[in-house]
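Take a look at the structure set out below.
Labels for the chains are A, B, C, D and E, by order of writing; each one numbers its residues from 1.
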Amino acid sequence: MTLLDLVIFLPLAAFLLILFLPKEHVEGIRRFSLVASLAIFVASLGLIGPYWFGNPGKLAFETDLPWINSPAIRYHVAIDGISLWLVLLTTLLTPLCVLVSWKSVQKRAKEFFAFLLLLEFGLIGVFCAFDLFLFFVFWEVSLVPMYFLIGVWGHERRIYAAVKFFVYTMAGSMLMLVGITYLYNQAGTFDYAKIMAGLQNGSIAPTYQEQLLLFLAFFIAFAIKVPLFPLHTWLPDAHVEAPTAGSVMLASVMLKMGTYGLLRFCVPMFPVAARNCSGWIVTLAIIGIIYGALVAMVQPNMKKLVAYSSVSHLGFVVLGIFSFTQQGFDGAVYQMLNHGVSTGALFIMVGFLYERRHSLEIDAYGGVATPTPRLATAFMITMLASIGLPMLNNFVGEFLVLQGTALVNFKWAVFAAIGVILSACYMLWLYQRVFFGKASAEVSALKDLDLREYAICVPLIILMVWMGTFTQSFIPSISTSTAVILGPVDAKRDVHVHNGLPAALRAQRSLSLAKEQVDAR
Amino acid sequence: MTALIFLIFAGIAVFCGVSLVAQTHPIASALSLIGVMGSLAVIYLQLGGEFIAAAQMIVYAGAIMVLFVFVIMLLNAGAEATSRQIPLLSRYVGMFLLAAFLGLISFIIQAMLPKTEGVVFGAFQGGTAAAIGRKLFTVYLLPFEVTSVLILIAILGAIVLARREV
Amino acid sequence: MPASVPISWYLILSAILFGLGVAGFIYRRNIITVFMSIELMLNAVNLTFITFSYTLKKVDGHIFSFFVMVVAAAEAAVGLAIILTVFKNRETLMIDDVSSMKY
Amino acid sequence: MPANFAPTAIDYLRILPEILMIITGTLIMVLEPLIGGNKRNAFTSVTLVGFIAALVAAVAANDYPGLSFSNMLIVDGFATFFRVLVIAVGIFTVLSSSDYLRREHAASAEYYALLLFSVAGQCIMATANELIMIFIGLEISSIATYILAGYLRDDKRNNEAALKYFLLGSFATAFLLYGIAWIYGTTGSTNLGEIRNFLMTGGSARNLTLAGTAAALMFVGFAFKVSAAPFQIWAPDVYQGAPAPVTLFMSAGPKAAAFAVFLRVFITAFGPITNRWEPFVWSSALLTMVIGNFAALLQNNIKRLMAYSSIAHAGYVMVAIAAHNQVGVAAAMFYLAAYACMNVGAFAVITHFSRQGEKYVNVDDLAGLGWKQPVTAALFSIFLLSLIGVPLTGGFFGKFYIFKAALDANLVWLSILGLLNSAVAAYYYLRILVVMYMHEPGESTLTLEPLSPGIRTTLWAAALGTLILGIFPSLLLNFAANSSGLGK
Amino acid sequence: MLLWLIPIFPLLGFLLNGLFGRKLPKSMINLFAIGSVALSFAWVVKTLVGLGPLETKYIEHYFTWIQSGPLQINVDFAVDRLTAVMLMVVTGVGLLIHIYSVGYMAEEDGYYRFFSYLNLFMFFMLVLVLAQNFLVLFVGWEGVGLCSYLLIGYYFLEQYATTAGNKAFIVNRIGDFGFSLAMFLIFRQFGSLDFTKVFDAAKNMPSETTYGTLTIICLLLLLGATGKSAQIPLYVWLPDAMAGPTPVSALIHAATMVTAGVYMTARSAAFFMHAPIAMDWVAIIGLATAFVAATIGLAQTDIKKVFAYSTVSQLGYMFVGLGVGAFSAGVFHLMTHAFFKALLFLGAGAVIHGLHGEQDLRQMGGLFKHMRITAITLLCASFAISGFPFTSGFFSKDAILVAAYEHAPWMYWVGVLTAGMTAFYVFRAWFMAFTGEYRGHAHPHESPLVMTGPLMLLAGLSLVGGFINIPHWLEPMFPEKPENQMLAWISAGVGVAGILLAYLFYVAQRGLADSFAKAMNGFYTLVYNKYYIDELYNAVVVRPLVAISRTVLWRGVDAGLIDGTVNGVGTRSRGIGSILRLLQSGNIRTYAAWVVLGSIVVLIAIGFAGGSK
């Protein structure tokens, strides 16, 4: 029973508890869920310990218990530098989501908060599971509450969006299930570590054909979740229709399930296939970056705009992963967190605007800065973070990703960097149309942020600056874990660079080879 | 001799079978069914099935068919209204299917059946009531007993479905 | 005129009867007749049993067909009861009229 | 010829469950005239007692495995598994029927008696080791079910269901019999073990073809009973027409028993000629899944929808049969158990909701149930999620296990197509969830009375079962795995 | 030496004003704003004094910013002679402009906002010049861009202002695109971004005669520079940037930020010197910009626009200097330009302030008697920019032109011509503003001391600033170029000629200008409308992009193609369902037929075909 188990199961406990609270006492339920989620967050902070004060090996807080004996399915959870931060992201955002929904969710509040906590349970589990089956279980479990969050508390076309979301993801995850099972039949275990070991020492040796198919089975499932162009169309609908909290959890954490899966399973388990497909995937990622930005630019609906911007941002993550360089991986992981924070904040603030003006259409606004300077400032900072201004979080991620990509193939970097320009276009334009200009009558009636809303925004903004400035509190722990994954797929093994092997890569080779030796021991 | 008898009664059986299908009036069909059963009983005898032949006459032709006729009378079911359109599927496809089915079975019978000596009357004596009874109360005791439940259900069903409102 | 009849003749006879039963089921529109066609099929089956137990010189086939008769009797009772209820409710025995539930 | 004709005590112990149920059934029939038909609770409790006694007996019998009654019966894990399963289904049926019968003013004594007999028949099927026993068991179970399907004799839909079920059922049985006749003629025996041996040893090419023909004809009979394509056609009409609790029963009990027989015959007796029937079962499985899932997409009558869904689920089990390995058998067993749980639950809700004369059987009638009766809806959601195959429910694990078996047998494409099918299935189950939670309550929901104790028990038990099978499948899985060695 | 204090002071000022400014009285705001800048100015002076001759670079390491694999980015600050010049200019001029703003912005609301932005700008600008590696430089680079965006959009109620802001930011982003790509290449090539490491490595590389890595790097850097320093093709944002308050134009869009490109290029001299091709590009782009902008400047009537284009043109000069290898000259001109151009803008600001916001030269005239100080100080600035002998502009500009002559004589002559035009339009503006009759309707008045004081200081600097021998000071870093008195005098002469021509047109012979304009109408309108460049960009880039994104990508691909397919699948499966359910005709005999059919199929499949497998 490690701290991690506690963090995983507290949300479930809280969920069950809420079910037994009388639905009339909405206030009490709200308070309870806030306290609970905060407690979880505090508890999860403890997970950082080993990473800041000491050097855990590959995994920390490992628990490995038998769950089902045949087929051998184990409750094997642990965290490494990658999971750690994603878990923290989840635990941080849940209380914020509770706060966000404090006033906006009045009808059926009990169920709402219950589902929110159930969602947290699923999400945390996904990031901690080191048993493929367990991973899949959490993966699917997280699907259900989100379905209800969208479908019950969403806007007009919520049902369409919810069903689309569910079926879309379901289709993908079914393929993954086939993959997982097939792998099991070859390996005789679901245990991630064992499978990795087996794949490396050749005791599990799928033919290249099989490897490719397995890779695709996993990849498609993850790509849908990411979402990677052209599998992204569920995202805008889901976002637009979801309640604020739903959008936040969806954008900030759920999409990361996909990229996390790519990094944790797809790439390391099927390195050769991954390497051979990288060309196509990177192309899709880059298309997604530019395409998402361009489409975002012309959206009349704020949430849709942010949604498409997510498509663009997540493109960077995929790009980083499939550059197979240390910088690319670190950047990708860091970008996941950044996107979680900044896009989450964007959705929250759009939510604030919606609560005030009851419209998501950009045309309904204009001149909002005059009545609500504080909101305007907060939004400004978040927007700047999201378009990758230095000293704010996104910049670091994008820089690392692009740098990593450039090391492998400079052209990719060139195209991807166009996305950075475009992001400025749509965001600034949005900001201008919403906040600048003369305020219309209804707009000037809007109230500025109140204390609760401050309490939501300030932590996120602080985090943006922190993550942009003092990256060393995060990246080292990430690097150690990504280096492990990088080992078998490292781009340095065969880079096709025109003027020989770049100095940077030469340096990197020696460095990460050293790392591998360390891991070997 | 055997062959002659077989051919005669087989002929009758087939004829009655056809008429069962062809007749529009249920009573006619019922009678032709009895005809089939009768001729089959003879063929059973030929194959050494004394007991079965008897049972065939008593149970089938006797009991069951009487029941049928009784019901037909009860509901005084008239001839089918031929005006009614038969679904296309049933009419044409059905015809073809039938042919195909028969063809298949006969082919299997012809091609696959191991060639054994032909049927000679009295070549098989095992079908006596005694033999059957012995088997029935030893090896096949359990099924025999269980069939009682079947009858029970039949009674029960008849009561449940057909009794007058109380 | 051969002294003995090939086994296959019996089997083909039963096949024909079975086929006729099927035909009856498909072509007759009177529920009772349809039901009788089933009985015809059962008879065909019985013939097969008897024939085979002749070739095998085993009595089990007879017993089997005996059980078939029992079952047939039971089915007859129940079946006719069901037909009665249908008739009570619909005043018809035309099988095509009993198709309210579809698709 | 087996040595002992005089059955010993052990023999009787081995068929004690059947005996108990038959006795109880008879007892009820005797009681009815004595205490009068309106003492419903009395009959209910007697029936329950009978079932529970049978359950205990079935479990107890498992300690005395082996053949009995001169190889007519075999008591093994497999048999016990299905016995327990069908008896449990019977219990739940009783629980959810009691107030339905009261509601419809239908005589309950005969109903329970028939139920008992039918379950007894299914137990016989589960234990049968002889085609004769299989045939008789099948007939007992079926005939009783025919009657139950038409139990409300003044209800047009009931009659129609009964008639269709009966006519087509007997029609298919005729094929089954014809098949039996042929296998008898080919192998000279109707004993599964002997058939297996014959096919393994004395199999000339011709004999194998004949056996194949027989297998084909028997396949028709079994496939019909389990409503597998292309013989699924009867199911929707019958499920829709029959009384809700009977549909509950039909979709779980007889189906499970039929699958038990199916497995026993095809894995044990026809094991040697697997290569002949495996491809066809493969395609039949796929066809079944496709027909079930896609046709269900447009159904509005929830009973009919569930009928199609049960066809689809039969398809999943067929996949397990197509895998024809031990894992497959275990998977099929597990899946049928899980399916029984969730389906019983779902139909219990429908029974509860449909009201007098089954007024409300459309999906849209459920509007807002989630907020009118949260508990009912929550439980219903569990069943639906399990039917979709969401983890932590029995449905998911069963499905996973089946496709694992399929992949073991290298049926990769079947697995992929099957799982994609279940993504399609998600769509129509979600529709029900949508209606329950995302539509505002209509008068159908507002006039809904609270759960009756019987149905409440059923629901909770079923939900519990679904979840336990999903979270701790080992409990059942180990047993299934150990008793899945058919013909070994 | 605690270099970090230099940028930190303004940052503090920004935080204080930004967070609490709303509630603070103006006096406190002024205190924080000006005090912080003053402090950092003081600290700069102290540091430079303390560091002495600065023969070698002085570096301070603070902390590691990013560390991933071999990629390590430290936050280091460094001072060398180049930085020293920039520091002095930025903090010095910055301080003066801060003081000036107190007067200029007195009536504006959002006072605190203005100053906090201004301080933030100072912070980033100082980070930019102090940076010891490309990424930290990039931080300042982007940061100043942000502040420029914020300050241009300072009047955020006005659409044109916010639009100008966006334009500035986005155009700069295009430049940054180049810059960042350059960084990626540099790291890829040298495995580091640290100036010392990188440039030392570059020194050992052979000079490239083709488009090799170094050349590509340099061109990308150049793209960045053109964005920030408003060179062709990315100069379009600068004129619009005049939408901001005038002090902003002075500080950001004249004196400091826009010269960042020049600074960065000079900083990367080590690269450029090994990439002659890139050098030529720099020179040509510079020259072209200088010339084109000058021509546009001839016809502008908005006083700030005139100076804006002259800024563009002067920046062009600097690039010519860099391009022909006279880095020191370029930097020299950067400094002097900072003086006189800041002065020009502040002067213009004073005029506008005196006329209550009037910016149109045609609405001015005869202001000399109303605002003498402004007029005189502006006159000094005009002389300086015209390269009038012994003013600051004379030395710096001529240093550039001479170097240009060394490189390629024709460049020199173009430069001289441009110089003439410059002199002409600057004095045109001065004459139109201060001589003749007042044509406006406002009540002109002289500005308060807080504004005129900085003006006078700057006037002094722009007159004598040329005697600070920057090229010599930068000698250890960049090779000094030969003097050539002869050429210097020619260009000065042309400048004077330009002044006289302006006098002729706008004082001596009024209306001559108009008749002249009519005479060559076509050219005039073309120039007056800035060669329709903005319109061109709009028509060719912006509008098509938006249109395509909306109609093709969003409506077409996204909603139409992809979603269409997805939903199509849904509809299809419904379709399949609707067909499959037709099997259920409800008719028993049809069902029977199905059973038979099925059984036949089974018979064939299992009875025979099955065996084949």
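As a convention for this text, a residue touches a chain if its C-beta (ideal position, glycine included) is under 8 Å from a C-beta of that chain, and two chains touch if they have at least 3 such contacts.
These numbers were taken from a predicted model, which means no experiment stands behind them.
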Touching both subunit A and subunit D (chains): E
Longest centre-to-centre distance from subunit A, chain (CA-based): B
Maximum centroid distance from subunit C, chain identifier (CA atoms): E
Centre distance in Å when subunit A and subunit E are each reduced to the mean of their C-alpha atoms: 36
Centre distance in Å when subunit B and subunit C are each reduced to the mean of their C-alpha atoms: 5
Centroid distance [mean C-alpha coordinates] between subunit E and subunit D, Å: 78
Inter-chain centre distance, subunit B versus subunit D - centres from mean C-alpha coordinates, in Å: 31
For subunit C, residues contacting two or more additional chains: 18, 21-22, 25-27, 29, 34-35, 51, 53, 55, 58, 60, 63, 67, 71, 74-75, 78, 81-83, 85, 96, 98-102
Of all residues in subunit E, the ones touching two or more other chains: 581, 584-589, 592-593, 596-597, 599, 603, 607
Touching pairs - complete list by chain label: A-D, A-E, B-C, B-D, B-E, C-D, C-E, D-E
Touching residues (chain side subunit A, partner subunit E) in the complex: 164, 168, 230, 232-234, 236, 291, 294-295, 297-299, 325-327, 330-331, 367, 369-370, 373, 384, 389-391, 395-396, 399-400, 402-403, 406-407, 410, 413-414, 417-418, 420-421, 424-425, 428-429, 432, 435-438, 469, 471-472, 475-476, 479, 483, 497, 499, 502-504, 506-508, 511-512
Subunit B-touching residues of subunit C, taken from the complex the two chains share: 1-13, 15-24, 26-30, 32-33, 35-37, 39-40, 43, 46-47, 50-51, 53-55, 57-60, 62-63, 65-67, 69-78, 80-85, 87, 93-94, 96
Contacting residues of subunit D [partner subunit C, same complex]: 132, 135-136, 139, 143, 146-147, 150, 153-157, 159-164, 166-167, 170-171, 174, 177-178, 180-182, 184-185, 188-190, 236-237, 240-241, 304
Contact footprint of subunit E on subunit C as seen in their complex: 22, 25-27, 29, 34, 95-96, 98-103
Contacting residues of subunit D [partner subunit A, same complex]: 371, 374, 385, 388, 390-392, 396, 400-401, 403-404, 407-408, 412, 415-416, 419-420, 422-423, 426-427, 430-431, 433-434, 437-438, 472-474, 477-478, 481
